[in-house]
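Notes to accompany the following structure.
Which chain is which? They are A, B, C and D, in the order written, and residues in each are numbered from 1.
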Amino acid sequence: MKGLVILLLMTLVFTAGCGNETPAPSQQPAEAGGIFIEGVSGGDAETLNWILASDGSSLSYASYTIGSLATYDNDWNVVLRHLAKPVEASGDGLTYTITIRDDLKWSDGTRVTAEDYVYTLKNLMFSDWLNYPYQTDWQEMVDGETIFVEVEAVDQTTFVITRQTVDPEFADNAIYNLTPYPKHIAVKYEGDVKAFTQAEEFNNLSYTGNLGPYRFKEWIRNDKYVVERNPDYYLGQEDDSPYFEQYVTKMLGTTATVHAALEAGDITYSGIDPEKVAKFTELEGINVYTVPTSAYDLVIYNMRNNGWDGLKQKEVRQALSMSIDKQAVINSIRLGFGDPAFSFIPKPSPWYTEEGVPKFGYGPLHDKKKAKEMLYAAGYGARQPDGSIAVQDKDGKPLKLTLVTTPGSRLAEDLAFLVKQELADIGIEVEVKLVPWPTLLRKHVMNKVPGSDQEPRNNNGPEAVSEEPWDFIVMVFNTHPIAPSGSRVFFSTEGGLNFWGYSNPRVDELFVNIRSKEALDIEARKSMYAELSQLIAEDQPVDFLSFPRGNHGFQANVEGIDVGMRLSWNYHKWYFSKP
Amino acid sequence: MNHNLLEVKNLKTYFFTRNGVVQAVDGVNLALRKGENLCLVGESGCGKTATALSILRLIDSPPGKILGGEILFHDEDLLRCPEERLRQIRGREIAMIFQDPQSSLNPVFTVGDQIAEPLKLHLKLNSKEALERARELMEQVGIPQADERMKDYPHQFSGGMKQRVMIAAALSCDPEILIADEPTTALDTTIKAQILDIFHDLKQARNMSILFITHDMGTVAGIADRIVVMYGGKIAEVGTTFDIFDQPAHPYTQGLLTCLPNISAQQQRLTPIPGTIPSLIDPPSGCIFHPRCPKRMPICDQEDPPEVFISDEHRVVCQLYKQPVTSPGKTGDTHSAQ
Amino acid sequence: MKKAGLRGYIIKRLIYAAIITWGVVTITFVLLRVGPMSPADKYLSNMSARTQDPAQVVAAIEARYGLDKPIYEQYFDYVVNLARGDWGWSFSNSLPVVTLIRRHWVYSFQLILLSMLFSATLGILIGVFSAVKRYTRTDYLATLFSFIGISIPNFWLGIMLILIFSVQLGWFKSYYDTGLPMFSLANLKALVLPVITLGTGMMAGYTRYARSATLDNLKQDFVRTARAKGLPERVVIGKHVLRNAILPIITIIMFDLSGIVFGGAYLTEIIFGIPGLGRVSFNALFASDYPVVVTITLIGAMVVLLTNLATDIVYTRLDPRIRYD
Amino acid sequence: MTEKKSGQISDRFGGRRNLVFFSGLLALVAVILLDIYLEAQILEPMGYFYIFFALVATCYALYPLYVNRRLTRYYWERTRRHRLSVLGLAFIIFLIAVALIGPLLTPDPTKVNFDKKNTPPVGFTIQQSVFDTKTDQLVSRETPGTWQHPLGTDEKGRDMLAMLVSGARVSLQVGLLATLMAIFIGALMGVMSAYLGGWWDNALMRFTDVMMTFPFFLLLVFIIFIFGPSLAFIILAIGLTGWTGTARLVRSETLSLRTREFVMASKSLGASGARIIFRHLMPNVISSIIVIATLSIPGIILAEAALSFIGLGDPTVTSWGVVLNAGQRSLDTAWWVAVEPGIMLFLTVLAFNFLGDGIRDAFDPRSQQ
């Protein structure tokens, strides 16, 4: 669906995922007509000028009209979009040759050329003046310096990207997501960020020609985003797709309103809360599809100097994770719609393994008694006269720890309180602090070395601490199932988002190796991922809780859906069956 | 032949307030004859206004309520006729003027409109005709530049002029009876004289019956044909102007008259009536005036005073005159209070 | 004399209005600048962006919104631009604030207008009726009703209406559709619950005002005069009393705009998902999009100011008693 | 001698009572400054509010009420005539009792129990989807209300009764303390404006106009968002934005009083400005202040609830607005979570409105009948 996959975007909103059931193929031929309305309860996007966007919704809005080089189907096969043929990587993994289709056109009729892509990369995405948020995807470390990859146009439809280091997942992490700006328009604004921000063509996507299945029609902020059928769509020349006259994203405030609208038939599709699945499944006119996602929820342990000292010990973290019941998370909060998480790689990923991965908080390793024993062994407990263990701090005082998460999201709150409940059972009192997202980032995530004049960042080295002390943070992360190596920003010592201060030299090494020549070999990479999974699960810098499953409700007359983790990969081929 | 245009018989109007029942009008009998000017006098709070308002059933209800009696107008009992009929009488046959012209005119309509209103309602005149007639009326009551001034709002008029407007509105449909409730009280002395002149002229020119209510004996002397003296919600004395001023029978009337500055008598000081007006919630027993009466007798607080005819036109309610001059049997005023 | 007095009065009011406008603008500027979230911070709330050099990001973003100038220059620009109709650029909506507001104000306006019509009509009707029937059971019921209406939290009422009519009974399930004409049947139906939500409190207030204003005027002597003229009761009340009572009621309705109506409309739009300025402002707030929030607050203040000014001036025309000095 | 001197000093402040009040206020400010300077929490922020509240209540409510017992009784008699206002007062007293004693009797309002989630109130039974671990299926289970949670539980299994009791405390805190703040600032502004007159009056009143022009709730939302939602700050912010009506009223009352004879008289006797303000003006506007204070409380309670409702409440306290917010999210699964706090809120506001109406009539000289 959302053509651009956003890597490692930390978000509390889940995107859709992959499948386990396929509807019976319809006998009816696809025919254009009807308005598809997707109901959402979240906020609006920020901008259609996608290079400036720092939120997921913006990229997804833009993807309806502009599309990217390639996408994946439910089996994680690469499906070509703007690409004329698969990306050709050289044997040494350093050169990528990209050939785009020759029938792509801007709205003014000019051809989309390789030069547009090169310009977009070099002059816009790599520029200082625009500050493209995902620049790191296109950077590599060479001799301790961060540099951008080399890009060069070969002819009208071909351009070449040259790296100096090997990254086997470069295409998945960066190239497939690439979307062009029209050079001949963008040059007018070059260097002037204000003009670029306010450029009308970019803000209402009037340049996108035949690049996407839909064209921009209307955007009423906080109400709806409307795109209409693009008759010139390059993929539609053979099969006349897309089949909806309009695709509307309707913002409806609360999930209750969204559910009511779906039930009333006012909208065509929306996500469904677990509590409502049973009800909607029974409804005649609604089909509910349950698919896995690549997001996972987790409890982060603060290993920096302003967290509880105990958290620096692996055994203590393991003990805590051991007493938090993953199955309880899945049962009580997700009502069964989830899979236990032990590491950062989701189950549908080809790199997933359970071999040698300790499953703290699951099955036999969910053991509160043993957790107490481990805490006692680590020095955080006292043996009572009756032989039981009272968990306490080293100085004999009761343990009082702080858990921080964001308010307004029921899921995050539920998780936080569940953790509180579970840890209360082993005698640790947890205070839940609900802090708005921006404040959480500023006060708890961003850190710097005390007394220094550092600019606060997400990871300013092992000595840095955040402004406010904390012990746990509950969050939701996302992994690219095909290219999980992006998670290095979380788990390597220098990782830009490793704000909890985790450090394991072997893990760092593995993350480096995974982006090197030896990892070009699939089996080698597989074993690296397996070792990473084992190490991180063993170290428990964070307690992985669960990979939730998403529930999606469609009006029963929507045909052509390929149910799976990437539910909407072929959304331009969906259509309404005639009654 | 009954030459009484309006008869009030045994009228009882009480006010039911939070502190108790106020017996504002308690068994009042009076009659208004054609073409006469009947003055209803008494101190403030004695029930004069309540009597006048009861005639047109304008008592605010709640808390006021007319409990009994009859008000006969052309032999029709106004207390029992339907509201609809009463509305036809109000303003058309019986008009009324109130004490305070300042507040009795609606501040948000022009005076022309307010004078023309009854004309449109009762005589079914159209706006233009009604306004033309209103202008004439304003001229008749002595408002200069009526053309201009009828477009003005009440607050642009002086007190006397406002009262003239009120009179003009009351006269608009040429009613048979005009009830004037203390029309001069709120006015300056000189203005008062001018307004009284209008009343004088009215009687002369139109032969209108006027029920003139006032607490000012001085005003009464100039215009009244007959006088009704009220005290504490009851009638104390009724008589012609001559009777009342020359031979006041009731000690209260006598008291009222001594209050009057009498230039000819060269009095140095006015003698006020001692004491205060009685509470009408819990009135004194027997004669209601006895606590203040200079001629009080032991019987006064025991028994209700009788109604005594001193002459055909002159009756008084007082124990002093207990040996009755037998009534010559003239009809009309002679119903007993009981 | 009278004319001059009126003109003087209006000029004085206009000068006051200008001073107040300046005060309002200045306070909004201060609010805009003390906000702890600059657009750069906002941009950096995306954690991926956080891996870049923060100083460089801040500089780039501040340049994007003209925040790199000295503060007095920013203030001067702010005032001048406001006057020119350039109300800044939304941090998170990629369009001029003025465009955003031009798009959305009609929905707020429609909601407020319908609610005011609903509440004023019913409120005045009930209030007058209750005053005419004073101290009867009807009156007590009306008074109790107005107490309840004033006390009921409107956001809770909104939820309860949804619970009863939408969730349980399923009568009003549709949402407000900006694709349909504003006064289409479907949209009016979608507005039924919001209008009741916003209107109930106001209606209760107007019931009280109307009752007491009518009672005040019923006590007036001119009512007796009108009755003595033989006017039927409905003319006495409908013309003489109401004409006097309506002015203070209208004044109160106008002055209500600031607190009750805007606050109420804000919450109502959020609860029912009506895309008016309240919802825009709310979403902008949580997106830390201060120019939008501040401008909408500013517009609210200006609407209040202008309605008050207009009410004052119109009042001088409607009520002949007013003197201007 | 010393007595005379102390008498003079207290006279300058308009009486001993004011002297006590200002000394107390000064001490309080000193402690706050010390607190800020030392960066040590001598008291919780709420503690300062309470001390301030107690100071004002003692000096300007309890003490005068006690001294003028006859007047107190007179006003009480007049208030009592409104049956509804007595009812309102009874409810408020009940609520205060609940807020003070309730938390001792109810479980911890933040204690979650996911096994007991969405239990309806006693007497109701609902069907809800739960995950059955035996069959690994989503099943519909009948959930009856139990006496263990008489008012039911929310989506996290927290006890509704406990949360409502905790909410009563929050609402009363905010209602009373914020009103006090607002009234105090308003009264001070009003009296100063009227007394100083001229340029000052003009400046203060234009400032009042500016503040009045802002839609109160929008401004409040913005300020709370910027400075962060803590209960103490919410109270402060409501106080700082909600004083305008009081200032206007007190100013006009004072202006009409200022020209009265007794002020003239004491001026001619050479009384100081402060003495005139505190000794003569303040006591005379106090009845208006009491009326406006009672009538402001419901609006302020609602403002806090509305803030919490839209997600700007203090997340560390369980207020009715916070519960209501959660209730809105689970409207179709657990209706009582939205219904119950709303009813409490409604009844509280109704009670204050009843009481305020009664007090207004009691103090209104026009309703003498």
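Keep in mind that, in the parts below, a contact is a pair of C-beta atoms (placed from the backbone, for glycine too) under 8 Å apart; a residue touches a chain by one contact, two chains touch by 3 or more.
The shown structure was predicted, so the numbers you read here are calculated from the model rather than taken from an experiment.
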Chain occupying the middle, per Cα centroid: C
Which of A-C and B-C has more C-beta contact pairs: A-C
Centroid spacing, where centroids are CA-atom means, of chain B and chain C in whole angstrom: 53
Distance between chain centroids, defined by C-alpha means - chain A, chain B (Å): 93
Intercentroid distance (Cα basis), chain C paired with chain A, Å: 41
Whole-Å gap separating chain C and chain D, where each centre is the average of the chain's CA atoms: 25
Junction residues of chain A, two or more chains touched: 254, 256, 260
Two or more partner chains touched - positions in chain D: 311, 328, 331-332
Chain A residues touching chain C - in the complex, by the definition given at the top: 7-10, 43-44, 46-49, 52, 54-55, 128-131, 133-136, 193-194, 197-198, 203, 220-224, 226, 250-254, 256-257, 260-261, 263-264, 266, 437-438, 441-442, 445-446, 455-458, 489, 496-497
Sites on chain B touched by chain C in the complex: 53, 56, 58, 60, 62, 87-92, 95-96, 98-100, 103-109, 117-118, 121-122, 153, 155, 166, 169-170
Chain C residues within the chain D interface of the complex: 16, 19-20, 23-24, 27, 31, 34-36, 147-148, 150-153, 155-156, 159-160, 162-163, 167, 258-259, 262-263, 266-267, 270-271, 281-282, 285-286, 293-294, 296-297, 300-301, 304-305, 308
Residue ranges of chain C touching chain A (in the complex, touch as defined): 36-37, 41-57, 60-61, 63-66, 89, 92-96, 100, 103-104, 162, 166-167, 170, 173-175, 178-179, 270-273, 275, 279-280, 283, 286-288
List of chain A residues in touch with chain D within their complex: 254-256, 259-260, 274-279, 327-328, 330-336, 407-408, 410, 413-414, 417-418, 420-421, 432-435, 439
